[in-house]
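The following block contains the structure, expressed as structure tokens.
Going in written order, the chains are labelled A, B, C, D, E, F, G and H, and every chain counts its residues from 1.
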Amino acid sequence: MADDPLVIAGREFGSRLILGTGGAGSMALLEQALLAAQTELTTVAIRRMDTGERTGVLDLLARHGIEPLPNTAGCRSAAEAVLTAQLGREALATSWVKLEVVADDRTLLPDPIELLDAAEQLVDDGFTVLPYTNDDPVLARRLADAGCAAVMPLGSPIGTGLGIGNPHNIEMIVSEAQVPVVLDAGIGTASEAALAMELGCDAVLLATAVTRADDPPRMAEAMRLGVQAGRHARLAGRIPRRFWAQASSPARD
Amino acid sequence: MNVLVNGEQWVLPAGSTVADVLERLAVPSTGVAVAMDGAVVPRASWLRTPLRPGALIEVLTAVQGG
Amino acid sequence: MADDPLVIAGREFGSRLILGTGGAGSMALLEQALLAAQTELTTVAIRRMDTGERTGVLDLLARHGIEPLPNTAGCRSAAEAVLTAQLGREALATSWVKLEVVADDRTLLPDPIELLDAAEQLVDDGFTVLPYTNDDPVLARRLADAGCAAVMPLGSPIGTGLGIGNPHNIEMIVSEAQVPVVLDAGIGTASEAALAMELGCDAVLLATAVTRADDPPRMAEAMRLGVQAGRHARLAGRIPRRFWAQASSPARD
Amino acid sequence: MNVLVNGEQWVLPAGSTVADVLERLAVPSTGVAVAMDGAVVPRASWLRTPLRPGALIEVLTAVQGG
Amino acid sequence: MADDPLVIAGREFGSRLILGTGGAGSMALLEQALLAAQTELTTVAIRRMDTGERTGVLDLLARHGIEPLPNTAGCRSAAEAVLTAQLGREALATSWVKLEVVADDRTLLPDPIELLDAAEQLVDDGFTVLPYTNDDPVLARRLADAGCAAVMPLGSPIGTGLGIGNPHNIEMIVSEAQVPVVLDAGIGTASEAALAMELGCDAVLLATAVTRADDPPRMAEAMRLGVQAGRHARLAGRIPRRFWAQASSPARD
Amino acid sequence: MADDPLVIAGREFGSRLILGTGGAGSMALLEQALLAAQTELTTVAIRRMDTGERTGVLDLLARHGIEPLPNTAGCRSAAEAVLTAQLGREALATSWVKLEVVADDRTLLPDPIELLDAAEQLVDDGFTVLPYTNDDPVLARRLADAGCAAVMPLGSPIGTGLGIGNPHNIEMIVSEAQVPVVLDAGIGTASEAALAMELGCDAVLLATAVTRADDPPRMAEAMRLGVQAGRHARLAGRIPRRFWAQASSPARD
Amino acid sequence: MNVLVNGEQWVLPAGSTVADVLERLAVPSTGVAVAMDGAVVPRASWLRTPLRPGALIEVLTAVQGG
Amino acid sequence: MNVLVNGEQWVLPAGSTVADVLERLAVPSTGVAVAMDGAVVPRASWLRTPLRPGALIEVLTAVQGG
């Protein structure tokens, strides 16, 4: 059934599922998962080149025409994140970046102060900034006001699989968002990806839920279907909730 | 001249450039970025960017993540 | 991606979404919704023939090869339900029946005593009985022990759109079910249909959520995708929930 | 002879059968069921099932529902 | 602050917390817990007399003027439950009984058919019947119609500590109840006892949550306070839920 | 039953319920509510003196020995908040302040950047700073690291009565807090106040839930009891949650 | 005469009553109930209720539970 | 001399102090704070703090809130 494309920074995507590449047990499983997810954009991290060998991930993405989105995973300060973003731009010849500035290893939650600082610097430097943020509607607004191309609030902390901890916050973010809202982190299963879209998100970004599932390609398929299901449900206009029942068959004579 | 490349001590002839490091590493022509002393060295400048003695060189690429 | 068929009473179905026909605003919208849902089995009610005209619903189903499943909607006693089931069998030449025996108009909840009584009589009479029941694991077990071909617990009362009020009960029913479990009633949106499958249900039956949505065909599509998403997610083996975060990118050097 | 068909009073000649009622109603050949006095009258018996005076006849079919 | 007494079968109770005696590690801990709970009615089971010694529990209750309420715990059929109730009446000289007829050991959920049958027999036999039931509003209604003096729906299965699994069902039961509603089973902590009262229940019955807590007397105190808190909150009329904020300080000049 | 006092900045409080004075329909109702709540600390706002008359609230508090805690409600920037805090200190001769820096009128959510900035300035200026913050564990940590005497995360936006939207965040804040955690804003009813304490909060601050209830004094009583109930339940060590049931009566012979 | 008391084989003189069983058990005067062959034997009848040979006697009391 | 007191235009004799404003307002001796041009004027300085012509004076107290 017809649907508008997802548009970020003027660029159209047919898929509303962004699959991260982290955590896959093998390159073969990752490839099957990426294809099952039918994702058009996928995150990669920037790390030291151990040998002269380039890791196979870029070739894999190139082979299937999937756009790599460099992230700044692991950065703890605006300065670290800005340099990592610049290196990603240099390595991948893209001005797009998934901006992450986390506060600690235990929660991997974004540091709101450093995140906003880095976002402002990168926007000034010409980047298309997609920030991983918490679910605070105020921080999301400030990131959008700073010129970010989208806001990517978490459902719950990275890798927890706790789903969307606070749907009310996501609804508040969506209700006033001037840029696309991408639900990022915390999704554990397909119904949660569907819920994210029903709440009004424009897309979902996830990695662990797929790459660490027992059957990554099948979970990728589940997520692809779940995102589409939630998107259509949002557009279709759900029935109101009511306390008492309402018959779906006519009364008997 | 000593430099630190991805955390390892290297000894290079005076006048070596960033390009020399990459050549030694036999890095591919794409998907790579270099930082010297915490600043990006654009690909276009690799050939003409001399290494500072004691410089910290980081050679990076994309890996699975996020 | 491959999946086993749904098997009820030895009969295979490729679709795990059973769409009820009640509540549709027009026959045209119903037809589009049925096609979008790709359902193979759909419920109909048995009512007085007003004119000599047969309502178009049977022709519509015949045209698309969708099997009609007569229900006993509106019946308040085992006796009423048994007679209505027999009339449905006579009219539609099928021994399958969706058995409903409700206690009142406000909740439309099943009467456990009358329901079990009717189920036993209909099984003895050779019917393939699919009972609409509440989410009590004990009643579900007794219905299965009585020879019902499936059990169809509610998520919440008919038409409320409150979703799955008590997932723990559904999990208990699934964990010991000897027959297929079909989540019936209460679903309001696609993520809830997906959740039903993730909890281990074998199929989902719904009507109001689709027929009374703003855009019934699109919601039917959403439900079809949601059921598939939840089914694949169940088979794929979701990640465990954890309190603290787990990185999806390798540590920085 | 009076019978009640779907709640309406009908007057029919003595000896009328269930089939006569259906003929009057011009019901289609499929998708219909009949109950007389709370019991199903199988299609096969319509022709040879006389109407009981005062009988309650219900003629039913499938409609959207559930 | 003033509150009406709880009235069951014409008898008044100042306390709305009924504490079961099962699961206590020692008679001393049980005594402290009963006193901290300030309960006026407490359940006991009817079992074989091992020695000529009567267990101390009756003396303990007598010493503190707490009324024992014999239950039919462990009974699987109406016949077993009726005999056990009659023996309890004989042993304790009370016509009150907490009626339990469970279907299996794994869920300890009531068997709706046997439970209603036993309730009808015991009411005919002159008992004041307090049935432990599931959270099905229809069964609750049928038990009340059968002459039970109260209905005691579960929050979740006995001993699980899962709290109130389906608040909507409890609200439906309360909205039409002609007899007192006692939330029985499943409560794990004080906020859940308070919630039960906020939903409109007239009292709470629990045992495991107190007797198996790390500090039973303190948890008994917590439950006593929680039940009172929820009762007052229900009577006080809570504020409506709203999507957007509302200031509690006047606007600045 | 015995409990430790709440200690903030070296000062002990017997009550763990802090009642705000905003929203009361009359001074008489406010007085009854404050007494029923048995609060020892209560928030007031700093506003222009309309006439030469001082509002009665200070006299009311003085009469009952309740400590006023000036807030910076309505401030949108660090500068505004700092000046308002200094005026509150001047007017009430206290160096304690409930710091609020909100981002907009619709959500009344704190602005994380301005809030942290103001907190740092006020700590430097010798204030005992109690910041109203969102439920982000990172911001809570940064406020504590900045020298705040407590952190006061919201349950949900001010005045919404939506309760604790994200218990997981509150648990994360509590698990690493070096200062007392006060659940502030969003509480609608007593069970939610109890839950806040069960999650490990040291106290609860609320206003609207009491002052705008149908019966403010009774709701104040409910909140007092609810906070005590949750506190004791936390200390008592609740039973674990289990999927299957566990009998509270001994097996039958 | 053999009877089964709370699951144990007892041998008692012919003509023994329920009261004799309770005396042997030295049960207290309150808080006890007796069933013989699945029916309650009221306290008032203990003295005059003879034991049926082979009877199943249950002597019960209240214990912690529920 | 014109000053703005809580948003209202006041005309005061030259050399007036903060204390003069408070006296005119007949404010109580406690529970009050004063800001001039966005800075707190401590109670101890009220008598010796002259008003700046055109100054913005805010006189504040505690009200129900929060």
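By definition in this document, a contact is a pair of C-beta atoms (placed from the backbone, for glycine too) under 8 Å apart; a residue touches a chain by one contact, two chains touch by 3 or more.
The model shown is predicted, which means the values in this text are computed figures rather than measured ones.
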item	value
Each chain counted as touching chain B and chain D at once	A, C
Chain separated most widely from chain C, comparing mean CA positions	H
Relative to chain A, chain with the most remote C-alpha centre	G
Cα-centroid distance, chain B relative to chain F, in whole angstrom	55
Chain centre separation in whole Å, for chain C relative to chain B (CA means)	63
Two or more partner chains touched - positions in chain G	6-7, 63-66
Residue list for chain A, restricted to those that touch at least two other chains	20, 22-23, 45, 47-48, 71, 73, 107, 109, 162, 168, 207, 243, 248-250, 253
Touch list for chain F against partner chain A, complex	103-104, 107, 109-113, 116, 134-139, 141-142, 156, 162, 165-166, 168-169, 172
Residue ranges of chain B touching chain C (in the complex, touch as defined)	6-7, 63-66
Touch list for chain C against partner chain A, complex	1, 20, 22-23, 36, 45, 47-48, 71, 73-75, 105-109, 157-162, 188-195, 198, 207-209, 211-219, 221-226, 228-233, 235-253
Contact footprint of chain F on chain H as seen in their complex	6-7, 25-28, 30-35, 38-40, 42-43, 58-66
Interfacial residue positions of chain A with respect to chain B in the complex	20-24, 30, 43-50, 52, 54-55, 57-58, 68-71, 73, 83, 86-93, 98, 100, 207
